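Lettered A, B and C in written order, each chain numbered from 1.
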Amino acid sequence: MYDMGMAQSVAAEAAGKVSARGVQVFYGTTHALRDVDIDIADRAVTAFIGPSGCGKSTFLRCLNRMNDTIPGCRVLGDIRLDGEDIHDPRVDPVQLRARVGMVFQKPNPFPKSIYDNVAYGPRIHGLARSRADMDVVVEKSLRRAALWNDVRDRLHDAGTGLSGGQQQRLCIARAIATSPEVLLMDEPCSALDPIATAQIEELIHELADQFSVVIVTHSMQQASRVSQHTAFFHLGELVEYGDTETVFTNPVDPRTENYITGRIG
Amino acid sequence: MSIPQQSLFASDPGTARRRAAEARFRAYGLGAVLVGVAALLLLLSSVLSSGLGAFWQTRIHIPVTLAGAALDPLGGRDPAAMRKVTTIAYGKVIEAALRDAIAQAGIELPLTDAEIAAMLSKEAPAQLRNKVLADPALVDGTIEVSLLANGRIDGYLKGRVTMDSAQLDRNVTPQQLLLADRMLARGMLSRDLNPGFLTAPDASDLRPEAAGLGVAILGSAYMMLIVLGLALPIGVASSIYLEEFAPRNRWTDLIEVNIANLAAVPSIVFGVLGLAIFINFAGLPQSAPIVGGLVLTLMTLPTIIIATRAALKSVPPSIRDAALGVGASRMQAVFHHVLPLAAPGILTGAIIGLAQALGETAPLLLIGMVAFVREFPAAPPEGFFDPAPALPAQIYNWTQRADPAFVERAWGAIIVLLGFLLVMNAAAILLRRRFERRW
Amino acid sequence: MSPFWLVTAVLALAGAAYALGRARVLSAAAGDHRALHSLPAHYGWAAVQMTLAPALLLYLLLLLAGQAGPVAAAAALALALGALIWALRRNTPDFRARNAVERGMMAVLILASTIAIATTAGIVLSMLFETRHFFTLYDWREFFFSAIWAPQFQGRSQLGILPLLWGTLYISLIALGFAVPVGLFAAIYMSEYAGRRMRALVKPALEILAGIPTIVYGLFALITVGPLLRDWLAQPLGLGSSASSVMTAGLVMGIMLIPFVSSLSDDIISQVPQSLRDGAFALGATRSETIRQVILPAALPGIVGAVLLAASRAIGETMIVVLGAGAAARLSLNPFEAMTTITVKIVSQLTGDNDFAAPETLVAFALGLTLFVITLGLNIAALAIVRRYREQYE
């Protein structure tokens, strides 16, 4: 029962797909995030929860170096993807982001066709060798994002013409088209209605068999529904991190308990 | 589809190519910025290097004996009688004085009397005559006077005229330039600050050294008074109506589109309008500040309306609600509360509109503001109807003259114009900084 | 009696109206403000309005009818006096003076807002009228389709607009060809790449460029750029020996338009939502890829609008071409030759002694109308595009 393959996967999980040590973030002189240590598992959903302004989105944006694009933002500490330091001078953030995809709070399709939205990532990274190749990538990504059946007849219509939930699934398709290993989702359902939210949650669940999914959410129910691991952030600190079930039923830190029971937040 | 997973540290040729494209793109951007800045620097250095000379002028300093026999033949020292003596008599007096002074200084050059006389500006006799008429007691005495030198001599001191160019020039001889050198060495000739450039009226083609901006500045000031007096109240009233009271209907839509378009109508078209309506139809005089002011008012109106509406819009509705809530009428809410809060923004817009109007040239060409005018206009309101050039029209006028000395004058006038604009824009910026309010 | 003295007299009457109107209603209310419908000042102003408005209106009408004599003045004065007496009788404590005053003010506001319309109407009518006059003297087909522009003093002028139109378009094309890339790239660099210190330095510099009057650019073209181009480009290449040329005017006009294009583009680029940038960055696009492939396509309609506005400015620009382009009407492709534009010819046909019965003078109005129609079309299209673009992201 205890074969080698299993041992390896356990070891990988222990080290984490992404591991962070002593991460600090400053916006100008504001210390937005202090001393975050975390290991994020592969092929699982990790949820970041916490009250607004607690630093969970900030930390999420560290993982694909999106904070580089914000003037005045400094990130210190060590973040590794598969054991490789993402702040190493040899790392081009452009390549990093092809491997760490991101989906945002509000659906943000480009004002282009559905096809071009999905094809954009593979195109800039040169991932498809031919037109036919690209068609395959686009179809696969749209299928994966559970959007193919809705849009297969209108791939060349504008992406902005879709409904909110469809737009968000389009953005997910766009993000997974570059075959990332990690998918970061920053409150992906906060702009959607309950039905669309349920669809996206189901999708996240399915995506976890291929990607390491990290989701920031305001909703504790959502975290408990979709994630295997949960990290609770409060006032720029990572307060508690563990199995979702443990964190929600038996939190160690009183602040986590207060938040979960609705006394802070 | 499967991509071979490679290390993040590995550089890949595709990404390197994209980074190179990135660097190129960035360089284009920087290049464009530098082109813009370089154009500004080239423009400003052209203006300053060619124009600063106009603020200095060469003058000849000599003692002149004012013989009563020539200048006051009746001997009564009666200014009315002395007015009958023309500049010709004064010209003879100073020519003689200059010859004497040169002989006294021991300068010996083969020069004819005419050449010596031509060292002086043709304006010099008038200068002396005015001085004497202002103080008849000077007659029969000897006074030290500083008289304008001829434009070519002035050009020689400023490097515009050289020995070589003088060989080919009918208006100046190399001998005269040598004389200028000697006089300069003896202190009889010097380059001094030239307040006359700002106060004197324009001068004819033959005497660029005497030309000044006095009348043009006054003309521009009159036009700005008219623009301010008309465009500000009309613009503010119109904005208040459109922003605070107007119902949304086809008529107000038409007005709005119309204002936006008027702001982009070529200025020359306003000149055609001024010529057709104000001069040909209404019969107002050509070259008068009143017509220029009216044309510029119509041009400035859209600018002021757009700025005023933005200022009114930025006053939050809660202020209006508060006023209406204590029982003020809408008119009172606007005039007692909204308008005072919007005033800094309105004034800023008005100053910027005024600055635009001050520099506008094209429409003025069509309504005769480029005319040659030497008389100062009377005080307002009658003066609004007297002919007067405007500052930018004067610049254009000088570019059309033959003597290159006028080009220097045109650049100098540009410095004056830019100086006024700088002051106005600085005032607008200060006003905005001082009263900027964040809601 | 001059208009000045009439206005003074009517104003004096109005002053009296204020004092009397206020005093009368106060005495009627026995000095008790609370018995009045409005504030005492409103009663004063109501009387002032009544005194001023009809009299001045009557006088203006008489002036426009060409009756500026003493009879007109007397009539106006009499009307002012009569209205004053009527207004005073109206001032009882029950009279809604505030409402009357506000109605009057509203009328003034509405009147002011129609001046903009009146201006446009004035432009169109004045030019239309003179243009019709011109076309009775000169065949309109000749004007629009003839390739020869040769006004003669003795008559028999040939006044074809085509060479002028060509010069105008050629110069505008060069100006836009210079200003659009430079202005657009400068705007991109300033908004996407430049650091705060650079922005603090360069933005005001470009704004200075925008505030410089066109006469300055004109002189710059005439004295600095023209000879420079002639000595370093045109003559060595054997393309001409004229300092005033299409290239001179076009380049200088291009410089003038840089800040115009860049500030409009800047507005438009900054309206593209941040979320689109984030989306592209998160996919691993570089900054330039984000700009070229996401921001610019999204901003394209707005930028097209900005370019059209710039084109309208270029076509209507006068001083730079008057001083820098030359006066020769010619259909040529050589950019180093002097050519002329519609605006230059409007100026040259309308300065000096004008004979408003000669086609050589009247043609300026036809040129002006053509210019107005072209720029109006460009402006309307541009403003509509820009407005639609703004609404898309609001």
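In this section, contacts are C-beta pairs under 8 Å (C-beta built on N, C-alpha and C of every residue); 3 or more make two chains touch, one makes a residue touch a chain.
To keep track of the chains, here are their UniProt names: A = Phosphate ABC transporter ATP-binding protein, PhoT family; B = Phosphate transport system permease protein PstA; C = Phosphate transport system permease protein.
Treat the numbers as computed from the prediction; the structure is a model and nothing was measured.
Asker: Select the chain whose centre, defined as the mean of its C-alpha atoms, is least distant from the mean of all protein C-alpha atoms.
Answerer: C
Asker: Pick the pair with more C-beta contacts: A-B or A-C?
Answerer: A-C
Asker: Specify the chain most distant from chain B by Cα centroid.
Answerer: For chain B, the chain whose C-alpha mean is farthest off is A.
Asker: Return the distance between the CA-based centres of chain B and chain C, expressed in whole Å.
Answerer: Spacing between the chain centres: roughly 21 Å.
Asker: With chain centres defined as C-alpha means, what is the inter-centre distance between chain A and chain B in Å?
Answerer: That pair's centroid distance is 63 Å.
Asker: Please compute the C-alpha centroid of chain A, do the same for chain C, then give the distance between them in whole Å.
Answerer: 53
Asker: At which residue positions does chain C touch at least two other chains?
Answerer: 286, 289
Asker: Mind pulling the chain A residues that touch 2 or more other chains?
Answerer: Expected reply: 94-96, 124-125.
Asker: Could you check chain B for residues that touch two or more other chains and list them?
Answerer: 18-19
Asker: Per the contact definition, I'd like the list of chain C residues that touch chain B in the complex.
Answerer: That would be residues 4, 98, 102, 105-106, 108-117, 119-120, 122-123, 126-127, 129-130, 181-186, 188-190, 192-194, 198, 202, 205-206, 208-209, 211-220, 222-224, 255, 258-259, 262, 286-289, 291-292, 309, 312-313, 315-319, 322-323, 343, 346-347, 350-351, 356, 364-365, 368, 371-372, 375-376, 379-380, 383 of chain C.
Asker: Would you mind writing out the residues of chain B in touch with chain A in their complex?
Answerer: 1-3, 5, 7-9, 11-12, 14-15, 18-19
Asker: Can you tell me which positions in chain A touch chain C when the two form their complex?
Answerer: 64, 66, 69, 71, 93-98, 101-104, 106, 108-112, 120-121, 124-125, 171, 174-175, 178, 184
Asker: Touching chain B in the complex: which residues of chain A?
Answerer: Residues 81-82, 84, 86, 88, 90-92, 94-96, 99, 124-128, 133, 136-137, 140, 179, 181 of chain A touch chain B in their complex.
Asker: Can you name the residues of chain C that touch chain A in the complex?
Answerer: Per the stated touch rule, the residues are 196, 273, 275-286, 289, 293-294, 297-298.
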